[in-house]
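What follows is a set of structures for review.
What follows is chain A paired twice: with chain B in the first complex and chain C in the second.
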Partner chain A sequence: MAGTTRVLGGHPGLYGEYSRKGGIAITATHYCAGCGHGILHKLIAEAMVALGVQDRCILLSPVGCAVFAYYYVDCGHVQAAHGRAQAVATGISRAEDGAIVLSYQGDGDLASIGLNETIQAANRGEKIAVFFVNNTVYGMTGGQMAPTTLIGEATITSPGGRDPVQSGFPIHMCELLDTLRAPVYIERVSLSDVPHIHRARHAVRRALEIQRDGKGYAFVEVLSPCPTALRMDALAMEQFINEKMEKEFPLKLFRDRSKDTEPIHRPRSDYSKDTLDRIFGCTEETLRAEAFEDTAFETKGIKIAGFGGQGVLSMGLALAQCAYDSRRYVSWYPDYGPEQRGGTSNCSVVISGSPIGSPVVDHPDVLVAFNRPSLVKFAPTVAKGGLIICDSLVGDYAVPEGIRAIAVPATEIATEMGVPQAINVVMLGALMEVGGLGLPGEAYSGALFEVFARRPELLSLNRKLLEKGAKAARESRTT
Partner chain B sequence: MVSRLVAGNSAVIIGAMYAGCDCFFGYPITPASEILHEASQYFPLAGRKFLQAESEEAAINMVYGAASSGHRVLAASSGPGISLKQEGISYLAGAELPCVIVDVCRAGPGLGNIGPEQSDYNQIVKGGGHGNYNTIVLAPNSVQEMCDLTRKAFDLAFAYRNPAVVLADGVLGHIVEPLRFPAQAVEPKIDTTWAVSGNRETKGNVITSIYLNFDELERHNVRLQRKYARIRENETAYEEYKTDDARIVLVSYGISSRIARSAVDQARREGIKAGLFRPITLFPFPEKGLMLPAARNCTFISVEMSNGQMQDDIRLATGCGRVELVNRYGGNLIRVEDLMEKIREIA
Partner chain C sequence: MMKRAEVKETNNPCPVINTLECKACERCVLACPAKALSIGTELNERGYRYVVYAGSGCTGCGSCYYTCPEPNALEVHIPQTEKKEND
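Let's turn to the complex of A and B:
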């Protein structure tokens, strides 16, 4: 352990003593002899200090042996779930534009359970530096096969050597990410021996420079020794990386586009109430005085039903707006059902002089049916003494006893006026006239403005449709 | 006071933004998608951060990241998406990170359908992920509360450094009702005592949920349980309607409580002494509030769109054998007449 102590100690990017680790050997790491993590920790620590960004750095500890990176590296630390580090990094980076976010992950973490997070973060060009420790094996969990395990390489879960028919081929992360447009920097380096470590030091520093300059995604794959899980001595380990791993995972600078990349700046958050009031349109014009208790005003349940596209839901909203403008308690609820994605739709509107309990209308006082299927479905549910308003096109229908029904040629009127899509406004006019809802007439035309059209030319057309609907309902005989 | 007609899912975003929420990370799922839509529209207008994530898991881990750096952050989903988020919620609870998650519950199990249900009760109220933890759970029953309880959820999440969930349902997400806009806008401050924000003040902080030493992890668990006990002591909220002299007490939350309220009115018109007890916090469950009617030997009816998940909690709270259940499944709402049938049978 003495060797490890010398390698990691005495640098301002690392803690002087590893008090978070505790134990007797307070300056020794928990890593095995010959492990690559200590080297990579030190390279990161050096780059942080050399670039003067140590205070801004947040290192994401992965699941795996380096979960305790926060014992050693002197910066901010966040530990992430297995595979999720780059999503966590995205969250930090988006929230804290000034932070330099470093994601440190092994091969199982990054290339297996976290492959989606990796590709997506890279593809968005997140402002993060990713250090991908590839040692061809799950180290901490006990030496299982990794996505990067070489063909024929024996592990606990590939005891006969990795068989591509059974387990596929080693995954090449740099090559995979190199197909994406957004990443700024992609390089594969090795920690096998001193010359390789020098090149790795350069790559780590470039990745941090790109973060210092706020330019985007930097990915450094590091071929790293795990002598314990791979059951090798130092020499065998060095040969394995230099000869076998490098053959499968060639060392290469895949891209460095930092010179051609502009820094990304995230906006500053605005918390002022004025801004919120403005963007939500909280103006005198849109806000209303609240409803008042009026027990003399009876609760009314209205159901509006028809084909999708006939404006059933917006008619309900207009009625709700009308009741609301009249200072009545009101709720609007669009019904679900298997037919929601096409076919028929319906909504419930409850209008009351007191706070509303159930917003769902099981037994409507008024049913507005735009088509025959809606009439057939809901007519039997109408409350005793209730009213049905339907389009004249629905044809003959035996209305349940004790229910009044009025047919209005809404489709005909809307078509004649050249706006066949405005059947709902005609129906609203009919409802205004004969619905007995106790809401003032001017509230209906006001609601048209709120819900349908703020353009004056449409408003006058809608008023005409409303009047025609009302007139037709007046003239309509009770069927 | 002035107000405007607003949909429940929109009210969540209004509540969150006036509460100083800085980040939203989401993934589309019916019937919660409008929260995502509204966030994509309004967050950027105030320089707040919006991102559509690649998955529910990524979204909740982005929440974890932004929360780690001390920011107010919101996520929203529904049943199947919440199931996927549970890993992240466990990490958030373990690392004691504040955030707000809205669950607009739909019908299950499995893919189920997009109609309303309350069957996420257990997976929200009882923790849901691995480990011994609880989230703070608030249950709105109106558009106004979709806004107000989202705001309150942020306050509680930060007061206790704990995830808080707003548990709604498909009806509450889509219903349109008047909303009184918040009178104040919160300008949040980063708590540098624990956050990791990428600056000198917070360089010494660590966000983690790993405690390798058994005794240390046990101490962490005990500390969490003490925190939950404090939440139970201080934050329980409920509403009572005509329970003073009630012989039959309906216990219900969310949209079902609105239907139950109508049933109480109907029962009273028929001369039956019925009342409504509505938990506003589901964790902590308002056990003490239920003890009074239990002491009067009332009959309880759990009114829920699930298989008696809340009924179990009412039984535990009251020690009472007579807890009836009126429920529906599959996206169907409970009808006032279904409730009246049971009320008349008991009366």
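Let's turn to the complex of A and C:
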């Protein structure tokens, strides 16, 4: 129409004034002259507004020069710790299904400290758009070598040029992620000059469209100028990107599977009590057996110790189950090394008539020692008037004064019965008999069912072992 | 707050340069196909030289706008005629 003027300018999607930045030029960015970040901010803001998704967008600011992206882009923001942007983005995306999550990261953040997060998020196909600003150098910290620094490129930490023998080769993020199955969109673009910016504009928009449609992971690598750290003027910068960077990092649409991809719908996590009860097999019957306050019940701390693999931890679990079934408050607290077999392991069980503050047992009322090292280690910690139950194989040991000790031939009994791995059941029987824990005998048999074996023949064998342990403890006490 | 350059009524497209935001990075100078932009000699209040328009030659292609890293430094005004109704 005659008399009207079309204006290219004014950026919806970016703030008009950068009041969070402040300073004397509140309308200018903090970026250096010729920096690519401003160009990419403009493209993201433009796409956000054009697609009508501004209110749904959450931008993750990285660590690096773009740490202050939230000064400029008019949408929701979270600033993530160095390298963690895509882990944080994952959380946001999963918690807010309608959110459009944009992770904006540099080469140090994404390809160095955050490489694992990047690969894992891509591999899970998280619903995030990642903008990876690759300028071959650490800009904010003053121009150090980056994972993407070119071979022979001089930086302040590679003054003679990057030497692959010393520092390896530039990391190609698009190519790396292109080996994964989940990503929907991967493209490498450049901001070197206007024709390249137009292609980048298209890629940014595509990445946001994929988020709008909830289709999954979109990765846009952006070759970007850093005239300050690379010590170049505008022309040299343009030539460096077009001629040197592009040779190492070819511009390419690696994949766009958005047409063949259905939107991802993840069901809401269900942490309701009903669901948890179902998962853990809590039936009406077991749920009735909740602990009750009983101040007359004496709190007991029990330590069970032995070699890893002797069934120390599962004996503790059986005892805890037994206490739980008897409607006592109970805690079970394991302490073991990295070995599944061998090494030492112990667990602490607290049984009480009132809620338990700490599951740690420093001075056990009862120590069950499966072997000599455990006896030597823990016997001195047993409370005065306490009880030690140990395997008779431990040999002679001078028990501390004021402490009762009972040796039970648990290994011998279990071996005789043909189940040498069931020492712990024999020990549990001994504990039932002489432990003085105030729990009914039936509860111990019940725990065998819950913790060890539900098959009838094994259950009956375990009951025999339990009874033999009890008998041995009885006889040992009387002798 | 933003000091805006004066826009003269004209029938030709032209870049509008906001001198406060310009940092003289020269990207627009390189990008302009008409070579109508150059870095001036004066300094803005922040101490940067800034880009100036030759006064003629602009075709309204928008290259300077797209390549400018400062969102508020540069606009391109393109008068619309009845024939070119493409807005």
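Here, the second predicted complex is superposed on the first by the 262 of 479 C-alpha atoms of A that agree within 3 Å, B and C clash if a C-alpha of one lies under 4 Å from a C-alpha of the other, contacts with A are read in each partner's own complex, and residues count from 1 in each chain.
Note that in this section a residue touches a chain if its C-beta (ideal position, glycine included) is under 8 Å from a C-beta of that chain, and two chains touch if they have at least 3 such contacts.
Because the structure is a prediction, the values reported are computed rather than measured.
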Partner touching more residues of chain A, chain B vs chain C, is chain B
Discussion item. Taking the superposition on A as described, I'd like to know which of chain B and chain C A:Ala95 touches: first, second, both or neither.
Written reply: first
Which partner chains sit in contact with A:Tyr72 here, chain B, chain C, both or neither? Use first/second/both/neither. second
Query = Which holds for A:Pro227: it touches chain B only (first), chain C only (second), both, or neither?
reply = second
- Task: Please indicate which partner A:Arg84 is in contact with in the superposed arrangement: first for chain B, second for chain C, both, or neither.
- Result: first
Which superposed partner A:Cys35 touches (first chain B, second chain C, both, neither)
second
Where does A:Tyr333 make contact in the superposed view: on chain B (first), on chain C (second), on both, or on neither? first
Discussion item. Taking the superposition on A as described, I'd like to know which of chain B and chain C A:Ala146 touches: first, second, both or neither.
Written reply: neither
Chain A contacts chain B in the complex at 20, 54-58, 61, 67, 70, 74-81, 84, 87-96, 98-101, 116-117, 120, 266-273, 275-277, 279-280, 282, 286-291, 317, 320-321, 324, 329-334, 336-338, 340, 356-360, 362
Listed in rising order, chain C residues that touch chain A in their complex are 1-2, 16, 18, 20-21, 23-27, 29-31, 45-46, 48, 62-63, 65-82, 85, 87
Given the complex, residues on chain B that touch chain A span 1-5, 14, 17-18, 20, 22-23, 25, 42, 44-49, 51, 53-55, 57-59, 61-69, 71, 73, 87-88, 91, 95, 113-116, 170-171, 174-178, 180-181, 184-188, 196-200, 202-210, 255, 258-262, 265, 331, 333, 335-337
Interface with chain C, chain A side, in the complex: residues 1-2, 4-11, 14, 16-17, 24-29, 31-39, 41-42, 45, 72, 193-194, 197-198, 201, 227, 233-235, 238
